[in-house]
Structure formats: structure tokens, C-alpha cells
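Residue numbering begins at 1 within each chain, and the chains themselves are lettered A, B and C in the order written.
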Amino acid sequence: MLQGSNLVCIRGDRRLFRDINFSLEAGGLMQVGGPNGSGKTSLLRMLCGLSAPAHGDIRWCGETIRSLGEVYYRALTYLGHLSGTKDDLTAIENLRISSALAGTEIDEKKARDALRHIGLKGRELLPVKVLSQGQKKRVALARLLVCDTPLWILDEPLAALDIHAIKLIKELLEKHLIQGGMVVMTTHQEIDIAAAATHKLQLT
Amino acid sequence: MAINWFKYSSPASFYSLAGKMIPIFVIAATIFLIAGLYIGFFVAPTDFQQGEAYRIIFIHVPAAWMSMFLYVVMAFWAGIGLAFNTRLSSMVATAIAPTGAMFTFLALWTGSLWGKPMWGTWWVWDARLTSELILLFLYIGFMSLQAAIDDPRRADKAGAILALVGVINIPIIYFSVQWWNTLHQGASVSLNQSPTMATTMLWGMLIMALASWMYSIAMTLMRTRVIILERESHTAWVSELHQKEIAR
Amino acid sequence: MFWWIIKRDILLAMRRRSDVLTTLFFFVIVVSLFPLSVGPEINMLRTMAPGVVWVAALLASMLSLGRMFSGDYQDGTLEQMLLSPHSLSLLVLGKAFAHWLVSGVPLVLMAPVLGIQYDLSVDALLVLTASLLLGTPVLSLIGAIGAALTLGLRGGGVLVSLLVLPLYIPVLIFGSGAVEASAAGLGYDAHFSLLGAFFLVSLVFAPWAVASSLRISME
């Protein structure tokens, strides 16, 4: 269970947001909205523990994420603005390495299956630099198919994707939520994802 | 009576406290400087080997002492700032760096002036001068790193790591340079040997060292005050202060 | 995981071989410039050789420091490393090791050839190679600290040299000192013991310092 209380974010001299409170239970979805520069990405990075809030604290199962450290990272999958894929490596190599880095080593077959499922059939062995923007995004999103973490934090997962892929991701998220997972995501698109509980957090 | 030290660790109260303390240290530095220079140039006897030129040690030795001390003090405050996330200690560390670099430069400069009559050349690759030169590089590295980072908190923390790595390295560098060049003069003042210099010379040097201490403290306090104002410019107490200044 | 990182970085380096070769040729060119600037007098070159080769190795290994983390920083892999359940210090150690394999080992292999240009004896060539073998990992480890601190900064490349070169000095002194001692017919055991000590100290402290620096730089 993820909880944030009285979160404040200060960037330089400016206060991006203050007094953010939320609590996310198993099966819960939190959609973070707001205009550009309102601190959506800052909030997500904060929830990952990449940066520290100026005030307030973030708890995972009752413990602050600072004190949990690597235990928390074991439960978390974060996909940020940057895809985290290497241009010089093939899609399969990218997926296998990024999964290993995240703590689940997968064999070549599993990686190939995941990439096929996400619509990259026939492109598994191409270096990522020749793929299009949307295809690169799919390589990054393929990690969601092979990871077994309860908490997903996704920054603009739908950007650059076509309708097919959006539908695929929607199904993927719904399946994860039904299985008792949790999702925190930002998006500019209106999307209806079925969840046990949906929070909308609007930053100004 | 328990003193609440944490009260002074808030930038606002430190600012006013430092404002009151600066004149004391400036006056002390001036008095010690005049006394030290008087002893150094008029009271201390002429050295029978080195003549009058040796008198530059009254500036050289305290400056060299100070340059090394200040690096350790700077690393100490930077480390405290990193470990306990106290903003003020990091600001003090940042404020110390230019004074430390200034003393390092002074030690190098006076060392070279002293070297000309002694060794007949402006620069020798003597172990002490070389270590001092490397120390100057370390100070410059610290200041350039902090200057290159826009976000003050990141600058504080990155500087702290660099200063701590530097502090681990200084003994290693010093020792390496000693090994590299074992031709050097023995330590000028050491506590376990009977001093080979006249007592008045020692006094002059110690008083000059005190003057450097007072000067460093005063400069650090002044610079910390400026850094506090820069960083806290958006807070209520700074704008209040500004209002008061205008009303005067 | 340690091996995964090494494998990945080597794979990346192999797909971009030109980067590795650039560093190596830089090393060769710098060493070859000295006879041109001071004259081909063989006795002088022989005394200069250890210092010249070591300084060139220092500069060459520094040249590739910028690439150590910047690629991972730009494409977001570094974020994923920070969020990995594996120990960040261990990942960093893997990256430093890969950096050494890619940019340090070629220098070590090239050094004897360059030593011949300077007419070093066979003994001196061996000592030179061995001292580089022991010293270049220290350069990668210390350099990683500088690379992590300057991550994403304007003018990071020049800044990193300012931070890192003073810290390299002990390695330089004992690395080239060992070769000089051997050329002069003196013992060089002490030099090697000290280089080994530097290696162990940096092996213990550097990954921790790099990991903290990366967390600071990514905040």
C-alpha cells in the first residue's frame, strides 16, 4: 500500500505543489493530471524515491521508502519519460538487460514472446535506433509484461502510441489491477481504465 | 544551563548572530596582525644564516598552516551538511573555500619569494611547495564544481563528496610527494622537538597564525551571510530585513 | 548482475568500436609528440619515457570518463539503475570495471610498443606494463567519482579533468617511479606495494562515493 502525506515539492525558488495527500490500496489506480510544468513528473520521481520531498513523507506498507531502500525497489517498476533503451542494442537485448537490472532475469524465449505480444513481431533482432518513436516506447513497455512487481509508476505511458497499442496497454493495466496491483500514472489523454478504486489527482 | 544550539543553526538567527560577531573578529585580526608584524619585522633577531629575507616566514608559515587547516574544516562542515542535511553547514563550507584558496596562493607566492634568495630560483619542486600547489588545485576543483551546478542543494552535496574524497587523498598526496622528493627542509615548528628558532620568532609566528584565524573566521562569517541572503531571498524574514534597511 | 553490466557495456563498446580506438590513438599520438618537441636524443628520451607514457595514459583514460555515465544518463538507463533492487555500489563497480577493460587494457597492451620507441630495456618495458596494469584500474575508479559528480553539467568534460587529475597524482608518482627505479637498477617492490594499496583503497571507497554522487546528480 502506497501512502503520501503532506508532500511539498520545491524546485529552485518555486513551490510546484504542496499538501498532496493520497493513499493507494491494492487494485487502486491513481491518475495524476495537470498542465505542463505543474510537477507531475516531479511527483512521480518523488514516489520512486529518486528525489526527496521538501516536506512530508511517502510510505510503502507503513514504512518510509527511504528506510526501505532496495526492498521498495523490488516492488516497483518505473517507466519514465526517457525510455531507458540503448540505441545500439537489439530489442531483445534491451528487454533482457533492463529486466535483469530490475531484478527478474528472463531467457530469450520469454523476451521474444513479450515483444511479440506488444506488437514487435519480426523486429526483435533489430537495433533499437532503427525503430520508430512508438516502437521504442513499446520496447520499454514490454517490461510490464515480464515483471512481477505490484506497484507500477508510469510517466505518460500512452504518449507516441497508436490506437492499437493504447488498447493493449489499457488491457494490460486492467489485468494488473484485477490481480491486486497498483498503478500511478500521468496522462494527457482521456482514458477509461476499470479499477477497484480510481483517484484523480489534479495538480495546478 | 543548556544552550539551544539548534536555534543558531537556522539561517535567520545565524545571520543576525554573525552580524554581531564579525566586528569582534575583524578587530582581533587587526590587533594580532599589527602585533605579529611588529614582532616579525622589528623585534625578532636577524637570522645568522638567512639574513633578513627569512622574515617572510612570518607570513609564509601561518598561510601554509591555514591553507591546510581550512581544507579540513571545509570538508568537515561539508560532510556534516551531507550527513545531517543541515543547510547552514554546507553554506559555511562554501564560504570557507575562497579564503582557503587565498591562503594557499599566499603560501605559494611567499614561498617563491623566499626561495629566490635561498635557492637562487623562484620555484623549486620541493615537496612542500608541490603539495601546496596540489592543494590549490583541489580548492579550485571544489569551487569550480560548485560554480558549475545551478541547483544549490546539489552543489552543496556534490561539493561535500569531492571535499571528503580530497580529505582522504591529502595525506596520500602529501606522502607521495614526500617520497618523490625527499630533499626538503625539516618542519619549521614541531611540538616534540625543541624549537631551533629564537623564542621571539616563534611568538611572532604564533601571533600571525592567530591573526590568520581571526581573519578567516571573519571572512567566512561575512561570506556565509551573503550566501544566506542569496539563497533565502524568497523568504519572509529576508524581505522584512530589506524593509527595515529601506526604512533606515 | 555485476556481470550483466560488464557484458552490456562491452557489447555497447563493441558496437561503437571507434570510441575505443579514438582513446587508444590519442594515447599513441601524445606519446609520439614528445620526441618531436624535445628532440630525438636517445638518452634523454630514455629518462623521460616512464613519465611521458604515464602522463599520456592518465590523459587518455580521462578522455573516456565523460562517456562512462552520460549515455546511461541521457537515455534513462541510469534512473533504472538507481531503482534497481541490486546494490548500486556493485553496479557502479561493474561499470568501472567495464570502463577499465575498454579503455585501460588497450593502453596497457600498447605501452610496450611505445616504450620501444623510447629505447627502454626489456626489464623496464615489463615494469612499465605491470605498473600500468595495476595503476589504470585506480584511474577508472577515481575517475568514476568525477564523472558521476559532473553528470549533466555544462562543460562537464573540462571540469572532470580539473577534479580528477589532482587525485591521480599519487598513482602517477608511483607508477612512473617504479619504471624509473627499475631503469636505475634499484628495487621497485615498494612502488608496486603502494600501487596495490591505492587499488585496494579505491576499490573500497570509490564505488560508495560514486553511488552517492549519482544519487545526488539525479535528484
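In this text, contacts are C-beta pairs under 8 Å (C-beta built on N, C-alpha and C of every residue); 3 or more make two chains touch, one makes a residue touch a chain.
Bear in mind that the values here come from a model prediction, so they are computed numbers and not experimental data.
Among the remaining chains, B is positioned farthest from chain A, on the basis of C-alpha centroids.
Centrality by C-alpha centroid: the chain sitting nearest the overall protein C-alpha mean is C.
Centroids built from CA atoms put chain B at 49 Å from chain A.
Centroids of chain A and chain C (each the mean of its C-alpha atoms) stand 37 Å apart.
With centres defined as mean CA coordinates, chain C is found 33 Å away from chain B. Within chain A, no positions touching two or more other chains are listed.
Shared interface positions of chain B, i.e. residues touching 2 or more other chains, are not present.
Of all residues in chain C, those touching 2 or more other chains are 219, listed in ascending order.
If you check the complex, the residues on chain C that touch chain B are 145, 149-150, 153-156, 159, 162-163, 165-167, 169-170, 173-174, 177, 198, 201, 205, 209, 212-213, 216-217, 219.
In the complex of the two chains, the chain A residues touching chain C come out as 48-52, 70-71, 73-74, 76, 78, 80-89, 93, 97-98, 100-103, 127. Those residues of chain C lying in contact with chain A across their complex are 1, 4-5, 8, 11-12, 15-16, 71, 74-77, 79-87, 91, 218-219. Residues 134, 137-138, 140-141, 144-145, 148-149, 153-154, 157-158, 161-162, 164-166, 168-169, 172-173, 175-177, 179-180 of chain B touch chain C in their complex.
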